[in-house]
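Next come two complexes, and both contain chain A; in the first it sits with chain B, in the second with chain C.
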Partner chain A sequence: MTVARAFGGALRMHLALYGLRVSRLLSSLLTPCVMAAVGALLLGPAAPGDALARVLLGGGLVGMWSAVLGTAAFTLRRENDWYGTFALLVAAPVRTSVVYAGYLLGETVVALSGVAAGIAVAWLLLGHLDLPLTPALAISLLVAAITIAALGLVFAAPMILLPILTRWINALDYPVWILAGLMFPIALLPAWSRPLSLALAPYWAAESVSTAARGAPIGAVAPQWLAALGLAVAYGAIAIAAFELVLRRARATGSLVRG
Partner chain B sequence: MTAVWDPVARFFESAWIIFQALFRWFEINTYLATKVVSPVLQLVFFGLLATFTGGSTRVAYLVIGNSVVLAGLGGIWAAWTIGEERAAGTLPLLMASPASRLGNFLQRGVVHLADSLLTVGVAWAAALLLFHVDLSRADAPALVASVVAAAISSIGIGLMLGSVSLAFADVFFLVNLLYYALLVVAGVNVPVAALPAWLQPLSQVLPFTHAIAAAREAVDGATLAGVAPLLLRELGLAVGYLALGYLFLVQLERVAVRRGSLETT
Partner chain C sequence: MTAAIEVRDLRRDYVVRGGGPLRRSRRTVSALRGITLDVEEGELFGLLGPNGAGKTTAIRILSTLLLPTSGTATVLGHDVVRQAGQVRREIGILFGGDRGLYGRVSAWQNLRYFANLYGLGRALSDRRIAEALRAVGLEERAHDRVDTYSRGMKQRLHIARTLIHDPRLVFLDEPTIGLDPIGARELRDQVRRLRAMGKTILLTTHYMFEADELCDRIAIVDHGRLVALASPAELRRMVPDLYVLEIELEGGRPEAVARLRELAGPSSTLTATDLPDRQLVRLQSPRGRDLAAALPTTLAGARVGSVLVREPTLEDVYVRMVEGLPAGAPAVEAAP
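Let's turn to the complex of A and B:
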């Protein structure tokens, strides 16, 4: 119960603080809109629907990963450097990873609006757009949001130990965009990178989005959802362990955030 | 001789201090992440996107465009120097000082100009190594001049946005908006002719459009004289942005003195 309250409270707080702030919303929409615009203009109106769907919806996922990674870094700065509440947060009778999970999932909820904005931009530029808005596609996007939040959680714990990682977030955007094949198939990548892609939950989620956008039935997409969610659960376990390790170390040294 | 040399030396000394102040958190790995790793990965990402959307023939187009637009990072940092001045609380002190406003304004771009050229150099090295961009016919002076013009233009609009952000908005959002707009509208990834007709006029007044077109022509063998009209247009825009930014800053100072406060937002 405490876990559910902490998770829900963190999610609500993140949405209340940032979900409706215009400047923050516009920033969240920028990346997906630009990526969708570039993709749509590169492909042109005569492009095959599945390629167009991949770049447009992928643009939204690209924006989502940027937003989540940014939030993982920003949360530490906000709670530790600006509000001074990080120590209180860590001392609360609930796992810190649960609170972070609430923040990150809250951010993906905001970032989902980027998918819609990207589609709107592409429609504006191309004049028309045929995307099958099916339940399978909606579920795939939700699965993508969960997997991206879970991956962000894995990155959040090391940032406490090594705050310098918060300054690497721009450079950390691209590896996931590329390896997860968010806007293009991983067949374009060298063979040695394939295992890395397969180990990324957002890869399976992006594949499910592409499959669903081709109009495939739920039965055809479900295996990809299972793979994505299975990996997301594994990420959650890794993140919990990583947070515990970091906080145990902090208690031993008497210092919470290094650097 | 000293009378001439001292102001010049002070100009560059202050420019270096402004650069260092912005990078007060400077550590070599952070610098590498921002100025080396991220630009190379940007090239890789757009190179792969080009392959997916148009096959290998489109790769060179996107790689050249993205290599040149990386000079825009210099403008982002230059804009930030002005916002940071207010955030650090030193803007009122600066306004109270008898220092030349124009000199101080221009100083903000000097080191970032050189630094952005370094970033572009890294990107070109990556373009050659990873994507084997064919430079066999390229005219080196014309290509270098195109990149320098892009960098100057970037500093021009960066300083203008930095000034404007003091009165109206968050500098991060403004510069990010500009950088992303360039990726779509300035001929970086998509030819200007392929944009909808209503967007094309915007390309003509944004920085980089002419410099990137010049760089593409230089790669195809055009000489410096051949690309000169494009570069002059780019430099004209840069001067226009600098003038607007400076005038805005001076006007803002007048208003601040009259109101007794710098806080306009």
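Let's turn to the complex of A and C:
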């Protein structure tokens, strides 16, 4: 219960600090809307649903991953340098990884609203949309949000110990969304990269989004959800251990609290 | 009484790296050099010392934010290294300054968040938030953004945040730093209330009168060592051989201060404070040296505002302890 409260509190605080700010919301909504508009106008009303789904949903997932990676990287700066609250978070009885998980999932909530806005824009421009808005698709997007947040959590831990890694987030951004096939199928990638893709939880989530966007029933998508969520749980376990290790190391070196 | 905090031979070294990419240097700096002390339950204990003395390092170790290099420390019976989780549940921390709050959201949202982090249910946290805001006089501004608060209000909100989970022990690290006199007085009142609530409090401060006014016992630390540990009254009695001469010189008269310094000699400590239109010179001198008798000659030609001979305050004791003892001298402790 304590963990659930802390997680929910962190998610709400993240939304209150950033997600619900007009400037931030505009950037989170505007980019997917512009991408959706360009995609819809380029592909036109005769475009097959699969192609448009790749643009609308894949683009949304790419944006979600970038936003989550950014939050994983800059949370330390926000809490330590801007608000001076990082020490208080670490000194709370709940694991710091739970707080980060709340922040990262909060970020995906904002990104999901961008996906929804992009779909609405495409529908308005084209007059119709060959995209089955089914429960399977909604659940697939939620699963994608969870897997992307879980992967972000794994990346967040080392950035606490080595803030210099935050300078390399662009280098971490592209390989993940390319390997996870968020924007285009991994069949286009060399064969040697296939095992890496299969080990990425967002790959299975993106596959489920693609499958659901083709109108597949829940039964056909469920195995992909299970694979995605199974890997996400493994990521969660790795992240918890990594956070404990990193925070212990930071307590030992004295780098936990600046100033 | 039982000990709320037990510190035994606590030491903390930092490795400081420097130099360029080719020639790296590495040296070890000791922030704490083997401190031993106990804080009783319900006690308001002060940790005094100059900048870099090791006060904040001690608080960071006790609040589980830093690991000691050697030695042990327990807080409410829990080891700060091996049982950090249990320690965290029972302590509250307040760092000085106006950081440590989310400025873009309201006081209520700040407190709600910290209540969530400590696992408080909604009904309990609603009640605690309302009580805490009332206790610090912020209930009318509860839903205003924190970045619209004055510094004093933010510090009071810090107190409310520290209390939200009803900790048994509270660390206050220079809580009045940067506050105006009225804000600082309000905060000292809040600290007294915490004490009345039965909380054990470990307070660090630079302000001697604050420690004198609030603390049951005070530990003076310098260069990472414990220099003295006693009640404020006992500390004052530790320098029975000392008296203080305060002289107000009107206008800037550096030559007069130089002559006073000469008069003071090595056995007395002189501090000069510049005030807007005058200078306050304070001479701490061993009893038996009648410096006052020599003043008419020493200050001939200088405009003297006032001369006061008085008993030492805690600040005088502190200056004597910190400046008058060689580094590494053993701690002075009041007789039980």
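Keep in mind that, in the parts below, the second predicted complex is superposed on the first by the 232 of 259 C-alpha atoms of A that agree within 3 Å, B and C clash if a C-alpha of one lies under 4 Å from a C-alpha of the other, contacts with A are read in each partner's own complex, and residues count from 1 in each chain.
In this section, a contact is a pair of C-beta atoms (placed from the backbone, for glycine too) under 8 Å apart; a residue touches a chain by one contact, two chains touch by 3 or more.
Note that the structure is predicted; figures quoted are calculated from it, not measured.
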item	value
Which superposed partner A:38 touches (first chain B, second chain C, both, neither)	first
Which superposed partner A:241 touches (first chain B, second chain C, both, neither)	neither
Touching partner for A:251 - first (chain B), second (chain C), both, neither	second
Chain B versus chain C as contact partner of A:168, first or second or both or neither	first
First (chain B), second (chain C), both or neither touched by A:17	second
Chain B versus chain C as contact partner of A:87, first or second or both or neither	second
First, second, both or neither for A:99, with chain B first and chain C second	second
Partner chain(s) touched by A:226 [first = chain B, second = chain C, both, neither]	neither
Residues of chain A that lie at the interface with chain B and also at the interface with chain C	none
Complex contact set, residues of chain B against chain A	25, 27, 29-30, 33-34, 37-38, 41-42, 44-45, 48-54, 58, 169-170, 172-173, 176-177, 180-181, 183-184, 189-190, 194-196
Residue ranges of chain A in contact with chain B within the complex	23, 26-27, 30-31, 33-34, 37-39, 41-44, 47, 51, 54-55, 125, 164, 167-168, 170-171, 173-175, 177-178, 183-185, 188-189
Touching residues on chain A, where the partner in the complex is chain C	1-2, 5-6, 8-10, 12-13, 16-17, 21, 83-85, 87-94, 99, 248, 251-254, 256-257
Residue ranges of chain C touching chain A (in the complex, touch as defined)	12, 14-15, 60, 63-67, 85, 88-89, 91, 93, 95, 97, 99-105, 109, 112-121, 161
